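Pasting the structures in now, so scroll down.
Both of the next two complexes hold chain A, though its partner changes from chain B to chain C.
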Partner chain A sequence: MENSNYLSVTDILVTNEKIPCKFLHDLPKMGFLDPSAADNDLKAGTNVEIPLWLAESLYSRRPPLVSVELPKIYKDSYREILNADACTVDMHKLNQHFYELGCYIAKHDIKGEVANTLINTFRQRFRMLLSACVSTDSVGAIQPLSASERQQAADAGSTEKALATWLQRGDSVLTTANMVANHRKRKRAEMEMF
Partner chain B sequence: MFAEKVIELLKEAERNPATIDPFNDDKIRQILEEMQSLFKMNMNDANATMENKTLWTTVQVRHSALERNKRCLLAYLYNRMNKIKTLRWEFGSVLPPDVRELLSDDEYLWFSKYSSNLASYMRSLGQDIGYNGIDLTENLKPPKSLYIEVLCMADYGKLELEDGDVILLKRNSRHFLPTSECQTLIRQGILKQIT
Partner chain C sequence: MDPYEVEFIGENRIVSIIPNFTYDKIYLICGEFGPFRAGLPMNVPLWLAMMLKQKQKCRIVPPDWMDLDVLENIKEEEKRSRFFTKMPNEHYMVEAKLILGAASEDVPNAAEIKTIIKDIWDIRMSKLRTSMDALMKSGGGYGRLDHLTMMEINSAKPLLPSAMDYLLQIQMKAQKKVTQQSLLNTSTFSQSGSSQNT
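Now for the complex of A and B:
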């Protein structure tokens, strides 16, 4: 799991999210990790928000240096909202990488409720996404999406469009390559700026 | 905090997934400096763990940060490499100078090697049955007709066709050309198919 997306930028951005952790050992000279501490050293038992990559790597040491706690959005109160009706939630505001982060968090939740919530949320929201994507104008009308959902919506939209053009004409027009076109557009935008 | 510069670097690249950015060697140098100083501090503290046992925790934290920086840098280079590969397929084997200057020297070297590898592979295709190669960058979409009507988008100059005719491609001129001869120019954005 960890190595399979070693080079994926999305996974790097997901692991950059901050999550609350409790340090189990003293850390000399690491006082700056806790913005509220004036001390030079970090004492055992402090609660600090650190990026997920640091937490994961310190948790996997023997003995573990930190214990990972659930971030607010995966706690009871938020889970209740998501289980009640996930479609009304502003995913963009809640967390850009809700599902991906959840997959990491789920293994620190002993009861397994986070995992259930993730599946439940996905089931509800995917149906909504799917029906919205078939008609091109309603994607804007649903609640803001998370990063992966936006990608899915864009993919669905372009597939839908490709199918429609194929059905209409059965012909494939030769077009400029994607990167060439984008490079030109960008150059023009830069020229206009100066 | 650790490894923040490298995230800036990746976010910058991520903002334009469809184009390639200039190689940011300034930022990469800063990140490498950060890694150097982390490594030095770790060396010092690792040697000092003899007297002060509690230091090992700090060493672990810094080591994680080093690994993180390494991973992000590799991801940055890898994603650029994929884009450069696309450049070969979309711009062709000769890059326009304004695209060329976006690559670092090493990346350009990689591009030339990839380009020549691809070319020699394409030349080798079908040799056993008497053909001398297929250009895989052609016919990415199924051709529907032998001749198509095209509009010229830029002052390209003279183009010699396979039958020996020379035509002048001027901006806004219209031509009726064999599909096989103009599809590369269409992909490069010089011609546009009129339907």
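Now for the complex of A and C:
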């Protein structure tokens, strides 16, 4: 998101997502935008999915030519899932750029609930980032993360690895003693003493 | 930052050695050390101590805290407390690793001390993880890093700040429309929530 500048590839991909929009005016000769239309002209009230960059510019005209509707992953039903437990959602399947797209979409959400959902989702899913960067099963842990989350997890993972090599280096490795590794046994031993 | 860079910074700590040679004062960028008298304890930076030790030119006097009882107390304290406790030394891990690595014969009970330091490290690292998670859950406003050593802060570095930064960006971009009032509320909440977690 920090690279949401004009030439950022992520940003271009995000703004290329199709967004459901409703046209508010008759548009002559724009029928090609709606694949199911037979006419040459686009009628007011047609629902068409157009890329975000187009929707934004049509929306920002005065008067606006379209009204932007929420894509289904930001609608109530999905928001409920996300608010209940965001960690169960496979963000990679849902939308790779969930947060970035959400930031654009949030402007068109009158109730302002999309913004809260985005923030809550990220907060809850931070735990997944934590576990992804130490996990040995890296494929399984990274799979459900969105593109930006994967990037963060990868950065954190490399630090984690550097720290691990530092700890391992040298002839005297500060390792966990056997006694500590078998912690349960230690507890049992303590219990047997009493 | 790489752990080796942290180690480099930690190597500037002063430790006590007993040299087995006699030599004049030496002048270093970080100060002047010496004169070296065989058999008399003196203070030098850790990296110099390591170098002399590797050349068999000195014996290292283990720091006061590198003692079984002291460490046992620290470990108990660390287990009991929800927060991080003060470590005897800002670079305890670096110092322990280097001294126990090169001069384990100079430290009494070296093997036990190794284990116990590793225990303390593990306890603190897992505590760091849970409090990072709690901090993000409670709002991610800010976290206090009292008593964390440099190596530990460094281990949390790319993930926590970038996640907090990301959260802020979502807040800024997505909540533009939401009134200033509610923004104010969330920030005070996160402050009171996070200050207890770290």
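Here, the second predicted complex is superposed on the first by the 154 of 194 C-alpha atoms of A that agree within 3 Å, B and C clash if a C-alpha of one lies under 4 Å from a C-alpha of the other, contacts with A are read in each partner's own complex, and residues count from 1 in each chain.
Here, a contact is a pair of C-beta atoms (placed from the backbone, for glycine too) under 8 Å apart; a residue touches a chain by one contact, two chains touch by 3 or more.
Values in this document were obtained by computation on a predicted structure and should not be read as measured data.
By the touch criterion defined above, A:Asp155 lies against chain C but remains apart from chain B after alignment on the C-alpha atoms of chain A. By the document's definition of touching, of the two partners only chain C reaches A:Val114; chain B does not. Comparing which residues of chain A touch chain B with which touch chain C, the overlap comprises 171-172, 174-177, 179-180. In the complex of the two chains, the chain A residues touching chain B come out as 6-9, 12-13, 16, 25-30, 32-33, 51, 53-54, 57-58, 61, 65, 171-184, 186-187. Interface residues of chain C facing chain A in the complex, by the touch rule stated above, are 2-4, 7, 93, 96-97, 100-102, 104, 114-115, 117-119, 121-122, 129, 132-133, 136-137, 139-140, 151, 154-155, 157-159, 162-163, 165-167, 169-171, 173-178.
Of all residues in chain B, only 1-3, 7, 10-11, 13-14, 16, 18-20, 45, 52, 54-55, 57-58, 60-61, 64-65, 67-68, 71-72, 74-75, 78-79, 83, 86-87, 89-91, 98-99, 141-142, 144, 148, 179, 183, 186-189, 192-193, 195 touch chain A in the complex they form.
Of all the residues in chain A, the ones that touch chain C in their complex are 1-2, 99, 102-103, 106-107, 112, 114-115, 118-119, 122-124, 126-127, 129-130, 133, 148, 152-153, 155-156, 158-160, 162-163, 165-167, 170-172, 174-177, 179-180.
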